[in-house]
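What follows is a group of structures, each given as structure tokens.
There are two complexes below, and they share chain A, which is joined by chain B in the first and by chain C in the second.
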Partner chain A sequence: MAKIVIDGREVEARSDVNLLQACLEAGEDLPYFCWHPELGSVGACRQCAVKQYANAEDTRGRIVMACMTPVTEGAIISVEDPEAKEFRGEVVEWLMTNHPHDCPVCEEGGECHLQDMTVMTGHRERRYRFDKRTHNNQDLGPFVKHEMNRCIACYRCVRFYRDYAGGQDLGVFASHNNVYFGRHESGTLESPFSGNLIEVCPTGVFTDKPFSKMYSRKWDMRGAPSVCSNCATGCNTIINERAGKVRRTLNRYNDEVNRYFLCDRGRFGHGWVNAPTRLRSAGYVINGDMTPVPAQAALDHFGKIAASGRLVGIGSPRASLESNYALRKLVGAGNFSTGMAEPEHSLVKLAVSLLAAGPARIATMHEMEQADGALILGEDVSATSPRMSLALRQIKRTAFNKAADQARVPHWMDASVRTLGQDTISPLFVVSPTVTDLDGFAQDAIRAMPEDAARLGFAIAHRIDASAPDVAGLSEAEAASASRIAEGLLAAEKPLLVSGLQYASAALLQATANIASALAARGKTPLISFVLPEANSMGLALMGGLSLDEIAAQTADATLIVLENDLSRRLDGAQFEALVGSAASLVVLDHSVTPTAIRSQVTFPSAAYSETDGTLVSAEGRAQRFLQVVYPDAPLQAGWRWIADMAQAAGLSHVQPWARLDDLIAEIAATMPVFARIPEAAPAADYELEGTPLRSQTHRVSGRTAIRANISVRDIPPPSSPDTPLHSTMEGSYSTDMPGTLIPFYQVPGWNSEQSLNRFQQEIGGKMRGGDCGVRLIDAAGGSGTFSSGIPEAFRARAGQVMLLPEARVFGTDEMSMMAQPIADRAAPAVVRVGGTVAEGARVRLSLGGEIFTVDAVSDPSLPEGVATCPPHMVSRSWSVPEWVSLEITAPAERVGTESAV
Partner chain B sequence: MSTAELTAQDAELPKDLVDTFIDMAAHEHHPRGAAIEALRLVQERFGWINDAHLAHTARILGMSQADLDGIATYFNLLFRKPVGKNVVMLCDSVSCYIMGAEQTRERLCRKLGVKMGETTPDGEFTVLPIVCLGHCDHAPAMLVGKDLFGPVRPEDIDGIIDDIRARKK
Partner chain C sequence: MLGIIRTIWMTFLHMFHRNETVQYPDVKPYLSPRYRGRIVLTRDPGGEERCVACNLCAAACPVDCISLQKGEREGRWYPEFFQINFSRCIFCGFCEEACPTYAIQLTPDFEMSEYVRQNLVYEKEDLLISGPGKVHDYSFYNVSGLKIPGKNKGEAENEAKPVDIHALMP
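Let's turn to the complex of A and B:
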């Protein structure tokens, strides 16, 4: 820390930051554009000018760019100095010469950093009387709108998109007044992180396209903190609502998890909550048609069904802990399934037990960014946990920082650090059967089939610590790679190991765990992470239950209750029929219509994550609470409430209704030790700050009384819920000290954009003032760990058969996000990639789960002969696990023939 | 060559340029270091840089089109649109302005029958403004291809242009 003087006020400042950060942390209103808390400084916009004085005698001082000037002990600066103020006002005036006066029709309006900064500088009168330059806009695809006239050339967009996220197709063109930020031609932005441009751009150049179709001003929307449920990473989000519809998803800062950025699946994958595919009333399904019935009738009907026999329950890794627990309680632990089929069920359990028993700490994403040696073993993280891959890309930057340290350049000096680091090799090793987006960031990207990747992993462990079992029969190249990677990991201070379940290989998980144990045995403190399939996979593994395969033996003549789970994605046609068909009746609780719901006799409409509170456990083992933003119309209610109602209807007294979510959470914590800490995931519903609950609307939300006038002009009480700590209206407290888990929106006086976040942090990029977000439930056992010796045989191609591997995708292979239109629009059609050469336009015929599919084929020279990939769930609804298949390639000529015959 | 002919050029670069670029890239610390020179050579050969040539050059240098186009569009002497055989660049900076560049420009445009930024229908001349040519002591200054002229008074225009036309015959 250093003491600096700002306008005569002595403040403590961190010595490794710049004066802009120091001023902001000291609560000063100093405007800026090009500096971004996560992207650092480049000094491009000249907006952050302050006066700096050489010493106490210096009365003249000189203007410096605060963002480019390091904090030094005893520095004397002035923000209020008239000359500095005038300078800042003029910078804005210059920027404004070309900025259109279109705030009223601009979607950034009301949460615009440029508006905030302009007001902050005090500039209000424009002297420029000439034409403004205008640009053509581009169609950037289903996610991001483009309005280039609003650009102020701060360069944040390309610095995020290219430097930070590694995207290639966004560039900056031309010079001076004509500078243009866009693609080389209209077309969909390729990066899966493009949505962050919306928040990164301080103006309305890049805005949210789906939001635009149901636009509302920031101040007019209710906000609630939420947790992304589109993968197991558990990124923190804010969701916005107006008039009962979820309008958009924004990033919510969690210093250890997603920090400043989301992936596009998370940002644009919420639309299914508003979609016509939602279940909005209880129903009977007759001949595949759903007939709405009053909830009470459905419950009575359930009561009758349930009275006639056993209950069997199938939970879900996409449902909350609370609803799963309620179902488990209703049917009894022995009749409860995790909702996962084999091999996923056992693999998730294996992953969790390896994490809990091993010596390595589960890495947070922030720790991943800072790793100085990392191995990704047999998982395409860029598709299975997109945000994690963005964190892993920063490993390269961390390596640059080392070069910067030698040259004594501070880390926030972004352009200099990147220039210094351009020849630095990033200590990242990727081992994967297919090309991954991370390859370009890696020192070594090694192609290996899952078995061979696991073998390599085992060999690496042995080379790190000889007591780990060795692998016989490695090729020379494999042995050399193993030694190189072992050295790379041993050279690191914080080695990181990542694997996952994409290729459904226990050996991959064990090999990764072996490396962790070997590193620990050598005195290192390794970090580990396993990518899991779904938002609550970890929670379900911790809760326990039978696999779908096991529960199938118990469903005969029982009443089968399925909670928020589409079994047709997990079981092939025959298995699905066997399970569902053997049950006396099928009862489905879900928020959306699925093939499983269509097969049921009775359905109950459960609330989506935007309509109720609940807890999810991410792959990091972090229990996190999502809060409701919509107050749904009856009969929609949380799954666990339905389950309590069902118990009552069936006269089952062992499940008594829970009055509030907190009662249920307390019960889970009390009865299941592994969940003992989940109440800490977020404050309870009775949370109060300064004597009142927190509000979820801004203080100037408009149309409160008029918005329902087309239905009724009568005053109605504001909606409320006993489960959520946020008050549904604009009444209540709101402060920068509120818990990070309860933040409904970011706004402080003078700062209406998301940049106001700076004020909610203890220090910029540090912890939230209101405390941590979420609670980690499992952690490494410590100690040295054990070694597994389950080394698989090397992969061998089979004559006449092809090994079909699942090709995970950011857009297309995930269930719920594909029910959101923008994601469906963005998803590319399914193709089978075939190793070796296939003629252009060829198709393949393959049989999966007893069904025949014909799919377009492309050749993928990076795959070995005898191997192909296919996106899971996109061709065959259930297929997702590597499998030997016979694959028949139909020549392009034939294809034309067949099609014209059809 | 007409615009249509120019745009109909081969999508691929000729082999000798490809080889040169590969060689240049190999001699740079980073292949992208060869970008400006490569673009200059494309322009020298074809008069301007079309999309296909840009894309091919980007491929050779391992850059994205956006990245390379960012460089191409940054420099005002790299042309991303077809130009005439002779590019006439008239200085519009301060010394030349004071010395009557505007009158010279008017005369030039009238002579060629085009506005600034346009190409004559016969594809012979494109007229563009340019910043100070460092020829201020002979203002107003004008550059045609690689030949520097100045001072260029309005009455000098006919002679210069006719000369160039004659030279071409």
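Let's turn to the complex of A and C:
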């Protein structure tokens, strides 16, 4: 810490930051554009000028760029100095000379950093009377809108897109006043992180395209903190609502998890909550059609069905912990399934037990960014956990930083650090059967089939610690790679190991765990992470239950209750029929119409994540609460409320209705020790700050007496819920000290954009003032760990057959996000990639789960002969696990008459 | 006592003053054009809807009686619906002041009584008139940078032609 003086006020400042950060942390209103808390400083915009004085006697001082000047002990600066103020006023006036009169028709208006900074500098009259330069826009695809006239050339977009996220297709064109930020031609932005441009760009150049189609001003929307449910990473989000519709998803800062950025699947994958595929009333399926019935009638009907036999329940890794628990209680632990089929069920359990028993701590994403050595073993993280891959991309930065330390350049001095780091070698190793987006960031990207990747992993463990079992029969190249990676990991202070379930290989998980144990035995503090398939996979594994395969033996003549789970994605046609057909009746509780719901006798509509509160456990073992933003019309209600109603209707007294979510959470915590800490995931519904509950709307929300006047001119009381700590209206408290888990939007006086976040942090990039988000349920056992010796045989191609591997995709292979239009538009059509050469335009015929499919084939020279990949769930609805298949390749000429089955 | 007599005297004198009462509705009072009565949505000189659905009027309204939804047609923003609940409106005129496009204007018409309160909720078709109202020649899109049908980039007031990004000349 250093003492600095800002306008005569002595403040404590961190000594490793720049003056701009120090000023912001001291609560000063100092305008800036090009500096970004995660991207550092480049000094491009000249907006953050302050006066710095050499010493107490110096009265003239000199103007410096705060973002380019390090904090030094005893520094004396002035933000209020008239000359500095005038300088800043002139800078913003220049920036505005070419800025169009667009605010009323700009999606950024009302939450625009440029508006805020213009007001902050006091520039209110435009003196420039000449022509403004204009630009043509580009169509950047389904996610991001482009309006280049508004650009102030701060360079943040390209610094994020290229330098931080590694994108290639956004650049700077032309020169001086004319600089243009865009692609070489119109076309969809390729990076799966393009949505962050919306928040990174301080103006309205890049805005949210799906949001623009259902636009509302920031001040008009209710906000609620939420958790992304599109993968197991558990990124924190804010969701916005107006008039009963979810309008958009924004990033919510969690210093250990997603920090400043989201992936595009998370940002644009929410649309299914408004889609016509939603279930909005209870229903009977008559002739394959969902026919609405009154909720009470459906419950009575359920009561009759349930009276005649046993109940069997199938939970879901995409449903909340609360709903799963309620179902488990209703049917009894012995009749409850986690909703996962084999091998996923056993693999998730294995992953969790390896994590809990091993010596390595589960890495947070922030720790991943800082890892000084890392190995990704047999998982395409960029597709299965996109945000995590963005964190892993920053690993090269640790090498840059080392170079910067040697040159005594501070880490926030971005351009210099990158130049110094040019020749450094990234300490990242990637082993994967297919090309991954992370290859370009790695020192070494090794192609290996899952079995071979696992063998390599075992071999690495042995080379790190000789007591780990060795692998016989490695090729020379493999042995060399193993030694090199072992050395790389041993050279690191905190080596990071990442693997996952994409290739459904237990050996991969065990090999990773072996490396962790070996590193621990050598005195390192390894970090580990397993990518899991779904938002609550971890929660379900901790809760326990039977696999779908096991429960299938118990469904005969029972009433089968399926909670928010589409079994047709997990079981192939025959298995699905066997399971559903054997049950006396099928009752489905879900928020959307799925092929499973269409087979039910009774369906109950459950609330989506935007309409109720609940808890999810991320792959990091972090229990996090999502809060409702929409107050849905009856009969929509949380799954656990339906289950309580169903118990009443069936006269089952062992499930008594819970009055509030907190009662249910308390019960789970009391009855299941592994969940003992979930009440801490977020404050309870009776939380108050300064004597009142928190509000979820801004003070300037408009149209209160008009918004539903077309229905009735009479005012009705605002909606409320006993489950959520946020008040549904603008009444209540809101402060920068509120808990990070309860933040409905970021806004402080003078700062209307998300840049106001810095006021909510203890220090920029540090913890939230109101405390942490979420609570870790499991962690490393410590000690030195044990070694598994389940070393698989090497992969051997088979004559006449092809190994079909699942090709996970950011857009397309996830269930719920594909029901959101922008994601469906972005998803590329399914193709089968075949190792070796395939004629252009050829198609393949293959049989998956007893069905025949004909799909376009693409040759992929990076795959060995006898191997092909296919996106899971996109060709066959249920297929997702590697399998030997026979591929019949039809040459283009023979294509006539074959129709696509996709 | 004196006071009472004085009051009676003054009342008596009023009998000889000019009559102030207007025989409304047979005789209409004069209202100046800037009188703040019934609200209308106007059109620009080209006959297009002026309102760009910026929501500023709604935000300015102290009783929150305006509600609208932005829509977009070939680059033009417009309100998909525009609702004013006149049973709440206090005719303060803030909406008119806030409007950057002169779309929303108050008019000298106050005869809006209804037997049913619900009928005081006006929709866009009730509000939108066919002329420009009090401001005759302002068109917002002529000063803003958006491209709309009939107006390309660089064709608004004080705009240079779009930059050729492949040109390298300074």
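Points worth noting:
Methods note: the second predicted complex is superposed on the first by the 895 of 902 C-alpha atoms of A that agree within 3 Å, B and C clash if a C-alpha of one lies under 4 Å from a C-alpha of the other, contacts with A are read in each partner's own complex, and residues count from 1 in each chain.
Everything below uses one rule, namely that a residue touches a chain if its C-beta (ideal position, glycine included) is under 8 Å from a C-beta of that chain, and two chains touch if they have at least 3 such contacts.
Values in this document were obtained by computation on a predicted structure and should not be read as measured data.
In the superposition on chain A, A:Ile286 makes contact with neither chain B nor chain C. In the superposition on chain A, A:Ala634 contacts neither chain B nor chain C. By the document's definition of touching, of the two partners only chain B reaches A:Gln422; chain C does not. Of the two partner chains placed by superposition, only chain C is touched by A:Asn149; chain B is not. By the touch criterion stated above, A:Ser216 is placed in contact with chain C alone, chain B being left untouched.
Legend: residue contacts after superposition of the two complexes on their common chain; A:Asn710 is shown touching chain C, with no touch to chain B. Between chain B and chain C, C contacts the larger number of chain A residues. Touch criterion met: A:Phe173 reaches chain B and chain C at once.
Of the two partner chains, neither chain B nor chain C is touched by A:Ala56.
Overlaid on A, the two complexes show chain B and chain C touching the same residues of chain A, namely 173-175, 180. Listed in rising order, the residues of chain A touching chain C in the complex are 100-105, 109, 129-137, 147, 149-150, 173-176, 178, 180, 182, 212-217, 219-220, 243, 700-707, 709-710, 712-714.
Chain C makes touch with chain A in their complex at residues 52-56, 58-59, 61, 63-70, 72, 77, 81, 83-85, 87-88, 100-101, 117-118, 120-121, 123, 140, 143-147, 153-154, 156, 158-168, 170. Across the interface of their complex, chain B is touched by residues 168-175, 180, 183-184, 422 of chain A.
By the touch rule above, chain B contacts chain A in their complex via residues 30, 64-67, 69-70, 73-74, 76.
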